[in-house]
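For reference, the structures are reproduced in the following blocks.
Across the two complexes that follow, chain A remains constant while its partner is chain B and subsequently chain C.
Right, the complex of A and B next:
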C-alpha cells in the first residue's frame, strides 16, 4: 500500500445521503406510540433538595414523573473506561438524590404525549430547594470554611497527584534565565451542532432494549445500560447511525440515556428525549477550565533546565464518567516537544458548583500548550534569544527517539517514538514567512507573527474490532465497532479494505455505529479512528484475503502462495486472471457450497490491539495578527499549520480534519467562554452568548505536510482529529503579545487568559502603553 | 389552526397547533428530516429553509405563518438525475463532515444562487456564510465550493 495510492483522495462515500437530507439522527427516529420526555433540572448551583412533588403534573396529564427515589438502580456504579487511582469518588447519581451541585443537574424526568405538552407539564413539577452557599470559583472552593461538595473531597479536592522526574527545584535554582507565569484557559464546551438525544424502546416481552442516540461511544453506553439496568449485554442495542458532531461531548455515558431507558421500561412505550441548546450548554460536560502556574529555566546556552508547574482544574460539581482525563493530559503534556531533564508537575482537580468537566477536542493538550508555549516566548526574551531559536535548541530530535516526556498518562510512561520535530519546525517557519519583527502599518496598526509548537497525542484506548464479509455477488461489507461524526471513516475504511483485499472501492460498503454489528468495539474519540479503526479493518481484510486465497487454491488445485486478488478476481502470479472471483469463493464457502465447512459466510473478524498507549506526532501553528494598539481591535490575518499525519489515507479528509480543528481552536482562542456569575449561575446559555468561529472570523488556512511513519501500528498512521485544536491559543497569544509590546520593553504583555476577549486584549494594550 | 401551504412543490393541508414551530412541523409532521435544528433561536442557521424565495430560520417561524407560502427544504435540491449544483460542489470540495449544518448552509446559498447573487470573491462568500455555524469544516472547503459554483 503506497502513499500515492491511498492519498489519491477518493470523494466521500457518505456524502450523498447527507447532502440530500437523508441522514438519520436521533431526533429523526419516530416510533409507534412514542412518548416525549423533558428533564427537570436544577436552577440552583448548590442546594439541598427538600422535596419533589410531581402530583400536579401527573394530574394534568403527564404519563410519568421520575425522581431519584423511583430509580431502583440509583446506587449502582457506573461502568467507566478508565479511572485515575487518585480520584476521591464524587460521581453523580442518575438523578440528583438529596443535593444538587450545578445549574442544569438533572433532578426529575417528565414524560408526556408530545414535547410541547411535556414542557408545559414540567413547569408543574414542584421542587423544593434549600439553597447552600455556592462555590462559584476555585477560590471559593478553597476558602476556609467553604462547604465540602462530597464527603471524600477534603478541601474540595477531588483528585491530586504529582508527576515528577529529577529535581526541578535544584535545576531551576541553577538556571541562568528563568520565566514564570500564571495562565488560565477559560471554560469551554465542545458544542456539536447537534445536541444530545436518546430514543429508548424497551421490549418487555423479549426483555431487550434498543436505544438510538447521539453518541461517540455506543459500546460504553451499552455496558452501562446493561449493568446499571440489569439487562443482558447482548440484549441491549445502541444505535448511533448519524451523529451531528461530537468533539468529545458525546464520548461518554450520561445519566439521561439510563433514565430514559428506564422510563421506557416502566411505561412499556418508546420514549424520546432531545436535548435543547440551553440544556446542552448547562448539562453536557464542559472542558478546559484550567489554571497553570508554571516556571521554566534555561542555562547560558538556552538549554532548558527544568520545569515546575501547578495545574488546577476547575472540575465542577462531580467527577464525570471520563474521570479527570483532561487534567492528567494537561499536566503530562507540559514538557511538550522539548527536552526537560527535570520536572515537577502538581495536578489538582478542585470541585466547584459548575457543570462537570470532561473532554473536548484536544482533551488537555490545548490546556498544556497554551502555558508552555507562551512561557517559552517569555523565556526567550529573558535569554536574549529569538523565540524560534530557543525552541530550536530544545526540540526533541530524531536522535533523542524514543523520547520519554518524563510524565505518565493513565499510569503509563508516555513517549514519542518517531518523527522529525526539527524538520517540521523549520518547514513551518520557512513556509509561513514567520518573523519576529513587528511591522508598523501607516494607519497605526501593527502586524506581528507568533508561533506555537506542540506534541500531539493520538490513539488512546487500545483496541477496535472490524468484521468483513463478502456476499455471493462479491460485494464487500465492512462492519466496525467505531462510530462516525463525519470524520470520513466510511470512505477511509473502504479504501483500506479495498487496497488490502484487492477489490474496487465501489464494491466496499462500511457499516458502523450499531452495537449489533460486532461483539465489542469502542467508538470515535481520542483521535483513534485511523490508528485503531483503520488498522482493525486492515487486519480483517488481510485475514479475509488469506482465507479467500486459501479457498481459491483448493478450487484451482494450486498453492495459494501463487495467487493474488486483483479487482476482485483471483490471479495467478505471472499469469492473467483465473475464472475464479470473490463471488465464486463466497458461494463455495457458504452453506451448500463445495467448500462448505461450517462457516456461515466468507468473512473474517479482527481486533486490533496495541500495547503502545499513545502515538505521538508534532504540529506547529504560525499565526499573523493585525492589531490596533489604541483600541485593542485585532484580526488573524494569516495562519499556517504544519503537521505530521504519518501515512495519509485520504489527503482530502486529513486536510479537512486539520483545517476544521484549527478553526475550532482559533474560535476557542478568540471567542468561546462559558461565564458564570459570582453566585454560580451560567451566564452563557445560548449561542448568542457562547460564541464560536464563523466564516468571516478566520483567514484561509495554509497547511504544510511533513510525513514520517510511526511504528505504533501497521498502517503507519497518526491520529489527526485533534491536532488542529491544540496550538491556536498559544500561537495567536504569542503573535498578539509581540504586537502589543514590539520591543519587549513592558515586563510581560500579560495575555495570560484565553479566550483573547476584547477587554483582555485592550487591558494588555493599556498596560504595555503605560 | 388550519395550515394550507406548499412544501417542495406539493400542497399541504394540515391541522396544526398555533404554537408549533415551522421547523418541528417540517421535521416531525411532514417527516422531512433534512432540515436540522441547532440552537432554537435563529443563531446557528441549521434550520434555514426557503419561504417564498427568502431564506428564513424555520425555528423562528410558527408553522401557521407559512400559510399560503411556498416552502422549500433541502429535500428539494436534488433532482431525479442526481445532486443539485451546490450539493455536487459540496461533495467535490469536501465541504461537509458530519452534515448537520449542511442543509441550512445549502438553503442559504440556494436562495442567493436563485437571484444570481452568489458571491464570487472569498471575503464576500465568508460574509454570506456568516449566519451559518459549522463546527466541523472550518468553512474553508465550503468557501471553495461556493466559489466553484459561482464562477
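Right, the complex of A and C next:
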C-alpha cells in the first residue's frame, strides 16, 4: 500500500510564529487595570470546612476574597453534554462549600495587584478544617464503615454498569486454555506545557464578558459561563487562540474558569489567573488510575471463546464535567481488535479522596489495551502458540466488516467498518524484525521483542462548523469552530480548502479558537480535528466552489458545469483560463457588484455531521528492550508503530502526531505515576517526581503506514492524535516479560502494574528466579 | 509558585559578601550562586531568605588551577567547566567521568560546584566525588578561613557543616596518581535525573578509594571495603555484601531501601571489576 498521493507536506503555516515564541497564550494577555488571582486550595484530602476568614487578607490589601458563600450561582448545575445514565451525581461545586474531598480542591479565591502579593495575602486567609478519615485508595473506599463521599454514592460507588454480549461464563467454562490477571494502570496526568489559565474581562456597561483561556473546548466553556453566570450567550466570548497543549486535560469546563469570570464581574476589572505547575499536578484532572481483572479463553485451535472482566476506576472525589468517559472506553475496548463472541465486562467508578479523573490522550484505550494485550501473550504461552500467531487467529478480518465490538460507548453500538487489520499486523511484524527469541548479550543483558495490537477510536464527538469567505482580492479565510493546541490545523485546513476550492495554499488563512467566529463549534479533543474539522472545511469549500462557479457561469454566460477553478482562476473545460478569477467573483457578489443579491461577501458555511460518529482504525506497536536482570533497569532499544491514518492530509504532521503520541505513551509506560501516601497526600507535586519521557529515554521511532479509507467521512481520514499512546504499555511489558522469562509465567505478577519502574521489573526478575 | 519578598545584594567583593552574611536581628541571609536548587525552593516557599547575597559578581571565586599535587576549583566554577577543562580530564579524570551524569546542559551551564556541595542532596554526584577523592572544602568567614575534609563536611541529607556566616570559596582535590584507574557507575530513572545509586572508584599506587552516593543520607566512603580488598580479601563479592549490609539506605518514591542496597551491590561490583586488575 502506498500513501496518499496528495500527501505533500507543506511546512506548517503556524510554526514560524510558534517557534519564535510569538504564540499568544493566556499569560501573554496584558490588559489595562488587570488584577491577579490565586486560588486557596485544600491542603487536606478529606475534611469539613468549619469556617473561612478572609478579613486579615482584605485588611492587608487584597482586592477581593471569594468563598462559596459569595457565589450567587453556587447551586446552579453545570452544562454537560453526553452523560452516562448510571452516574450517581457527585459533581463539584464552583468552590468547596462545607467539605473538601481532595488535596488541591479550590476553597477560596483571592485577588490582588500582582501574583506575588496575592500569594503573600493568601497565607492570611484562615480556613478552619475538621479532618475526616481520608479514602486514599479504592480499598479504603470499599472498607466497611468507610465514610461516604457523596450521599448518592452508596458504597462510594459513583457509577457502575455492565457491558454484555452472549454468555461469557459458559464460554470460559468450555474453553480449552484460560488466562487471567489483574492489571493496574497507574494514575497519570496529561501535563500540557502551558498550564491552565484565564483572563476574564467583564465590561459592566455593555454587559459583555470576554475570556481568554487555555482550553480545548471554548464553546462548552461559553455555554457554562452564560448559563451559570446568567449572561446571554451572545454576550460571552471565549478566546483560545494558541493553546500550549491540552491532551484531554482541557477538554471540558473547570470551576476556576467560572470563578475568575465572576471575580471580574464583581471587581469590574480584568482578572488573570495562571495555574502554576504545583496546582497543575494537584488540581488539573488526572487520568488512567484503572485496575482491571480479566480472564480470557480459547479453544484447542486458539480461537478466542470469551472475555470476562471487572474494571475499577479510582475516580477521585468528584465526577468531572466530562463524566466517566475513560471508564466507559476502558471497558468497551477490552475486546480490542479481536472476535470475542462472548463478553461480560463490569465497570465500576469508585470515589476516593484524590483529584477527579477525566480524559488524557487515548482516554480509556491505553487502559484497555494494557490488560488485554498482556493477557493475550500469557494465553499464547498456555496454548503453546507464538504470541503473534494467537493474534493472527483472532484478528478481525476484512470479511468480518462491519465488525461490532459488542460493547457501547456513549450509548452507541460501536463498530469497525473499514481497514485491513491482518495486513497491518503482518506489516508491523515483518518491518520491525519482531522475533520471540530472546538474545543473551555477553555482558549479561538480554534483548527481547514484544508487541501489542490495538483498535483505535477517533472523532468521537459529532458536528463541527466551517465558514469560508473570499474577499475582493481573492484571498480566502477559513473560520472554524475548532481550537488548536499545535496539531497543525491552520495548515491542514488550508490544504483541504485550497485543494477543494482550487486556490494556492498561500492564499488561504485559517482562523479558529474564538467563539465569535462561527455560531457553533466544539473544539479539538477526541481525535476529531481531521474527521470533523477538516470535513467541515471540505463541505464549506465545495459549497463555496459551487457558488463561485455558479456566479462565473452568469458572468461568462455559460453552463457552470463546464467551468472549474485552478489557482484561483476560472477555467473552461478543455480550454485555458478565462479572464475571471475568484477576486472578480467576490467583487461581483458583494455590495455594489453586478451579481449582488443581498450577500455581504462570497462565502459559504457548512456543519459536518457523521452518521457513524466513531471512526475505527488499528495500530500495532513493536518494542525491543534490553534488560539488565541484575537490577531491573532496562532500555527501549527499538520501537516501531504501524498505523492506518486513512487518507493522509499532511504526511509530516501525521508522522509528528504519531511519534509525539508514542513518546507520550512510552513515558507513561516507563515513568509517569501520580503517587499518594496512605493519608491521601499527593507525593508527586513537582516534575522532579512526576516524570515524563525526555529525548534520551526514547529510541528513534520507526513508522509503518498502512492506508485504507474509512467510509465515515468524505475525506476518508482517521484521527491520529491518540494512537501513539494506546499500545506502548503492553508492547514494552510483553518484551520485558519475554526477557525475564521466555517460557515461564512466574514473573507475571510483577509486570502487571504500569509504569514499569525498575524496582517493579526487578521484583519480577526475582520472582522468576533470575 | 512565587517567592516571598526578599532583599537582594550583589556585592563587588568577597569581604562585602561576608559582611552581608553576618546576621542582624535574626534575619536570614543566604548566598546565591547558580540558583538551580535555591530558586525552586524559594518559589515553593520552602526557603524564605530575608536577604539574597548574589555571588555572581565575584569572578575571583571561579576558576580551576593546578597547585602542586592538588587541583583547586573555585566555588563559582560552573559545573560545565569541569567537563570542558583539560586540567580536570588530565589530573582528576574521575571527576570528569562523574560530571557527565550531572543534570542537563542547561543546569550545568548555570549550576556551580560550590552550590551543589552546600545543597548536599544525598543523590548528587559532586558530593560523592569529593568524598571519594578525599577533597577538602574551604570555608571563609569574617572570622577566618578553615578547611574541612569532604568526608566531614556532609552531616545529613541537605545539611553540611557550613556556618551561617561562611561562604564555601573553593574545593581542593588531590590529583590522581599516575597509573590510576577510575570508574563511575550510576543508575537513575532518566538521563540527567538525580542518582538512585551512584558509585565512584579510583585505584592507584596509593590504594583503592570507593564511594557510594544516593544510598544513604550522605555519600559513603567505603573504607571497610577498601581495607578488606587492600588486605587481599579472597571473596570480593562477600566483601561488597558485607559493606552494603552495614549501610542505612534511604527509601523514597523512586526506590525502596532493600532495592537501593541491591543496586549498590551491583554497581560496586561493576566498578571494582573495572578498576581492580
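The rule we apply is simple: the second predicted complex is superposed on the first by the 760 of 770 C-alpha atoms of A that agree within 3 Å, B and C clash if a C-alpha of one lies under 4 Å from a C-alpha of the other, contacts with A are read in each partner's own complex, and residues count from 1 in each chain.
Operating definition for what follows: a contact is a pair of C-beta atoms (placed from the backbone, for glycine too) under 8 Å apart; a residue touches a chain by one contact, two chains touch by 3 or more.
For clarity, every value in this text was computed on a predicted model and none was experimentally measured.
J.: Please name the chain, chain B or chain C, that touches the greater number of residues in chain A.
T.: B
J.: Please work out whether A:206 is in contact with chain B alone, chain C alone, both, or neither, and reply first, second, both or neither.
T.: A:206 sits against neither chain B nor chain C.
J.: Scan A:18 for contacts with chain B and chain C and give back first, second, both or neither.
T.: A:18 sits against chain B, while chain C stays out of touch.
J.: Which of the two partners, first being chain B and second being chain C, lies in contact with A:683: first, second, both, or neither?
T.: Only chain C is touched by A:683; chain B is not.
J.: Look at A:675 in the shared chain and tell me whether it touches chain B only, chain C only, both, or neither; answer first, second, both or neither.
T.: second
J.: Applying the touch criterion given at the start, work out whether A:694 contacts chain B, chain C, both or neither, answering first, second, both or neither.
T.: Touch status of A:694: both partners.
J.: Taking the superposition as given, does A:631 touch the first partner, chain B, the second, chain C, both, or neither?
T.: After superposition on chain A, A:631 lies in contact with chain C alone.
J.: Have a look at where A:192 lands relative to chain B and chain C in the superposition and call it first, second, both or neither.
T.: first
J.: Please identify the positions on chain A that touch both chain B and chain C, taking each partner from its own complex.
T.: Common to the two interfaces on chain A: residues 115-116, 276-277, 686, 688, 693-694, 696.
J.: What residues of chain B sit close enough to touch chain A in their complex?
T.: Checking each residue of chain B against chain A gives 17, 19-20, 24, 27-28, 31-41, 43-44, 46, 73-75, 77-78, 83, 87, 90-92, 94, 96-103, 106, 122-123, 125-127, 129-143.
J.: Help me check something: in the complex, which residues belonging to chain A touch chain B?
T.: Touch list, chain A to chain B: 11-12, 15-16, 18-25, 27-28, 30, 115-116, 191-195, 242-245, 247, 276-277, 485-488, 652-653, 655-656, 659-664, 686-688, 692-696, 698, 700-701, 724.
J.: Note which residues of chain A are touching chain C in the complex, please.
T.: 115-116, 119-120, 276-278, 630-631, 633, 671, 675, 683-684, 686, 688-689, 691, 693-694, 696-697, 757-759, 762
J.: Enumerate the contact residues on chain C facing chain A in the complex.
T.: The touching residues are 1-5, 40, 44-45, 187, 189-194, 196, 253-256, 259, 262-263, 266.
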